[in-house]
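Working notes, beginning with the structure itself.
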Amino acid sequence: MQTLDKPLQQEIDQPLTIAGKSFNSRLMTGTGKYRTLEQMQQSILACGCEIVTVAVRRVQTQAPGHEGLAEAIDWKKIWMLPNTAGCQNAEDAIRVARLGREMAKLLGQEDNNFVKLEVIPDPKYLLPDPIGTLEAAEKLVKEGFAVLPYINADPLLAKRLEEVGCATVMPLGSPIGSGQGIKNAANIQIIIDNAKVPVVVDAGIGTPSEAATAMEMGADALLINSAIALAGQPAMMAKAMGMATQAGRLAYLSGRIPIKNYATASSPVTGTINS
Amino acid sequence: MQTLDKPLQQEIDQPLTIAGKSFNSRLMTGTGKYRTLEQMQQSILACGCEIVTVAVRRVQTQAPGHEGLAEAIDWKKIWMLPNTAGCQNAEDAIRVARLGREMAKLLGQEDNNFVKLEVIPDPKYLLPDPIGTLEAAEKLVKEGFAVLPYINADPLLAKRLEEVGCATVMPLGSPIGSGQGIKNAANIQIIIDNAKVPVVVDAGIGTPSEAATAMEMGADALLINSAIALAGQPAMMAKAMGMATQAGRLAYLSGRIPIKNYATASSPVTGTINS
Amino acid sequence: MQTLDKPLQQEIDQPLTIAGKSFNSRLMTGTGKYRTLEQMQQSILACGCEIVTVAVRRVQTQAPGHEGLAEAIDWKKIWMLPNTAGCQNAEDAIRVARLGREMAKLLGQEDNNFVKLEVIPDPKYLLPDPIGTLEAAEKLVKEGFAVLPYINADPLLAKRLEEVGCATVMPLGSPIGSGQGIKNAANIQIIIDNAKVPVVVDAGIGTPSEAATAMEMGADALLINSAIALAGQPAMMAKAMGMATQAGRLAYLSGRIPIKNYATASSPVTGTINS
Amino acid sequence: MQTLDKPLQQEIDQPLTIAGKSFNSRLMTGTGKYRTLEQMQQSILACGCEIVTVAVRRVQTQAPGHEGLAEAIDWKKIWMLPNTAGCQNAEDAIRVARLGREMAKLLGQEDNNFVKLEVIPDPKYLLPDPIGTLEAAEKLVKEGFAVLPYINADPLLAKRLEEVGCATVMPLGSPIGSGQGIKNAANIQIIIDNAKVPVVVDAGIGTPSEAATAMEMGADALLINSAIALAGQPAMMAKAMGMATQAGRLAYLSGRIPIKNYATASSPVTGTINS
């Protein structure tokens, strides 16, 4: 891979910019579900991510088996994205968002005002509530948060959230942890085609091919947790996801060939055989 | 990507071995359709491939615009895979295979007995003839060729070709150059699950996500030409294809998460909020 | 078809019941886009529908080429479903819903309180606004309407609408008139599995196979307009859609075979040939 | 359904003609796997089929539980399609085809020279052998049979079989009894677009929507067995399959709407609200 080394790619591509902060990696990961903290650490390294999301409530309550999670990550290198997992309504989410900001400060990220907003009343599918999410987003934006809302792939809701000042929109590909892939592709494409903020595809991605698919569609970034943490070999899958995210981005920038009904010869032969 | 560097991956994975010859890269490319020889050279470098297929008839006849193609590649580093593109029946293909062996020798690969066998009577879809392919394969194997036959994704035909001694089978994902992706996935999966020779998915792949998909299914290698050569920026797409091939392979080795109907919380919360 | 004639099917199946009113047909159609009123009349007859939706604003304003539309349908046999097409916000939709009720009364349906609620600010994709739809639905329910809201396939929004008293939910398969089919199948399935009101798949269906697919998933009914009105032969397509809706419903009631990875012999042979 | 009654449809459509014999129904069924002979009889009636395939070897050997099968069908109304299920090579299949012709004669169909040719060496996927099938087909055609070969969806093989005089080609959608649906759609479409004999999609169809899909693609007929025989309620599913086959055919004749990326309003509103 001599010819297209990092400098070249960076000339072509722009960094991912969210709320004024720039990142080279377009893959975000999480901290949940890993079998060991060591696997989490290795996976974060292997995928090359620069943003890691953390469930504020779990860290606050030191949920069993997750002690020391916040300390296990080098927050000088990784940007924390506190999330409001476990919140079933707008008020809870707002309260937890504030706790998250405190947590980031305590861990040394004084200027971190990011929050991944999850308002999820439903425990079975873990699908977000559009009304509660919009309500919480409006309030958090007014409080100065950079809000990254987790939403169903509803283009009108995405537009509303953008209008109230959200920093990104994060439509889901399929239910969290389901590994079903990009089930809402048509709607996600409409969101991508119309958004003026970064679109981060979140939830549902199970394989590198699905990660690449989302990036080829023009998504600005991805968030992948379960597919890495619960893979047979998390760090190896993490590396695969990092490569696929880059591959999908490069393909989006390169311009794919058109899809044709018929074949086109790779090697047209106009001459005859000289034998 | 410090933790999972090349040595670690190589410990886990085996090289691709075809007819006793081993390769680290699992992506093969072609030489057709490039707008310039320079783009071809850059793309071959960018994707990291070690096997490149060449249409023997085109090189023999010095088809317009392709003069110097054979000389443009460093055959000390790249293994030539002569192909029989343009042959409509078994006899033609056998004759061109022999020419290909001569060509490889002339270019310095004395021991190269590889041939990508294409018997394609149909100019519209460029689909291979199963009967002619089997007939030519049998004869070429007897002549000492390592035969890599291009076939429709027919599991029984694949088995027959393996039984007559082919070195691989190369089922097509969709018609050559169509960029339709993996349209025969169910049959290709059956071929993969039952083959004792390497399965190389050939033709139809249009994007890195499709390349990764084939590798995640367990394909041993891929051959991609049009999707690189005709991309907006061939070398960048070549790099993307190389990364996606690796990502798909790593994912296959890692073990993906199961697909679930319902969600699974990334961040289960058992405690309550302390606020 | 002697054995499973109508009586038998009706013993097994229940009628479709919306807001206390029962219907034998599970296919609803529209009045827009037909080339002639005669084609509309023939199509309504051919598909066997009992509910037809009418754009209140178009009828009120006697939009060019659509004079006499309301009079062209036999409202003694067909139940009118006034819709609020063309309304971009909740207030407009509420006002038009009231006009629709007046229109139904004038045409002889004194007790018709149905309204298909469409709040569509976006002219390109014609996707509904979840916030405005919920707001209008709440108010219209309080005014005594049987509200059938047109929504994106968002399970949480569907649940909210059910909770405020809507008579059905009408998730879209894909954008209106796009003929893309059921692009939101995963979400629609979640809605079906959890709804306590009838689920009517609306918009996007382009073919009978797609109509059958939605019914096989367990949808209670369908609304199809463009795919019939703009078909080459509308009445023939209408008949096909009617049959496919019934076929899909019967299949749902029958219980389909499980999907298997491997084959199962249709005709297992245990003996040997006597020849 | 007053407007488009049978006469009208028949004016538009042609009957299905195979080897000079015409049929009104485009759905063929089988006799295997039913739980009772009565369910088989009811299903045959319910789906309206006119051709039923019978495994010659099973009838010859009176396989357990299937005594009286041949006598259970009214061969004055139903055209028998003897099949060579259980044959692993060309010789066996030829021998069983001859037995089938005798069987048809004994049951009163003197002029019945049809045979559904199955050459299936593989017991796991039940996929046909292309080489053995072509070999047997050539010989059977020369013996005066109307040969309907069961094949993988290989367009070149289909063309070869047509050239040696087969009466139809019968590409499989997916493995027999798998209920996976139409997995080889791209190849089947190529076969349909190029065949000069009827194309009968055989094997794999699990639901009415899949039956309709194949017919919408332009298939001339379908053969469905497992999806009916093993459904929860076979006769009801049979009826559904019969309706879906007709619906798909009508849609093919009607001309579907084009698929669009964007929406098209069902009810364009040009006026303003008069309220």
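Letters A, B, C and D name the chains as they come in the text, with residue numbers starting at 1 for each one.
Note that contacts are C-beta pairs under 8 Å (C-beta built on N, C-alpha and C of every residue); 3 or more make two chains touch, one makes a residue touch a chain.
Owing to the predicted nature of the structure, the values given are computational and were not obtained by experimental measurement.
Hopping across touching chains, the smallest step count from subunit B to subunit D is 1. At the interface between subunit C and subunit D, two copies of one sequence, more than half of the residue numbers in use are shared by both copies. Look at the CA centroids: the one farthest from the centroid of subunit A belongs to D.
Per-chain CA centroids place subunit A at a distance of 36 Å from subunit C. Mean C-alpha positions place subunit A and subunit B at a centre distance of 31 Å.
Rounded to a whole number, the gap between the C-alpha centres of subunit B and subunit C is 47 angstrom. Annotation for subunit D: residues 125, 127, 175, 180 touch two or more other chains. By the definition given earlier, chain contacts exist for A-B, A-C, B-D, C-D.
Considering their complex, residues 1-4, 9, 12, 30-33, 42, 45-48, 55, 57-58, 60-64, 83, 85-86, 92, 95-96, 99, 123-127, 175-180, 206-210, 212-213, 216, 225-227, 230-244, 246-248, 250-251, 253-275 of subunit D touch subunit C. Looking at the complex, you find that subunit B touches subunit D at residues 121-122, 125, 127-131, 134, 152, 154-157, 159-160, 174-175, 180, 183-187, 190.
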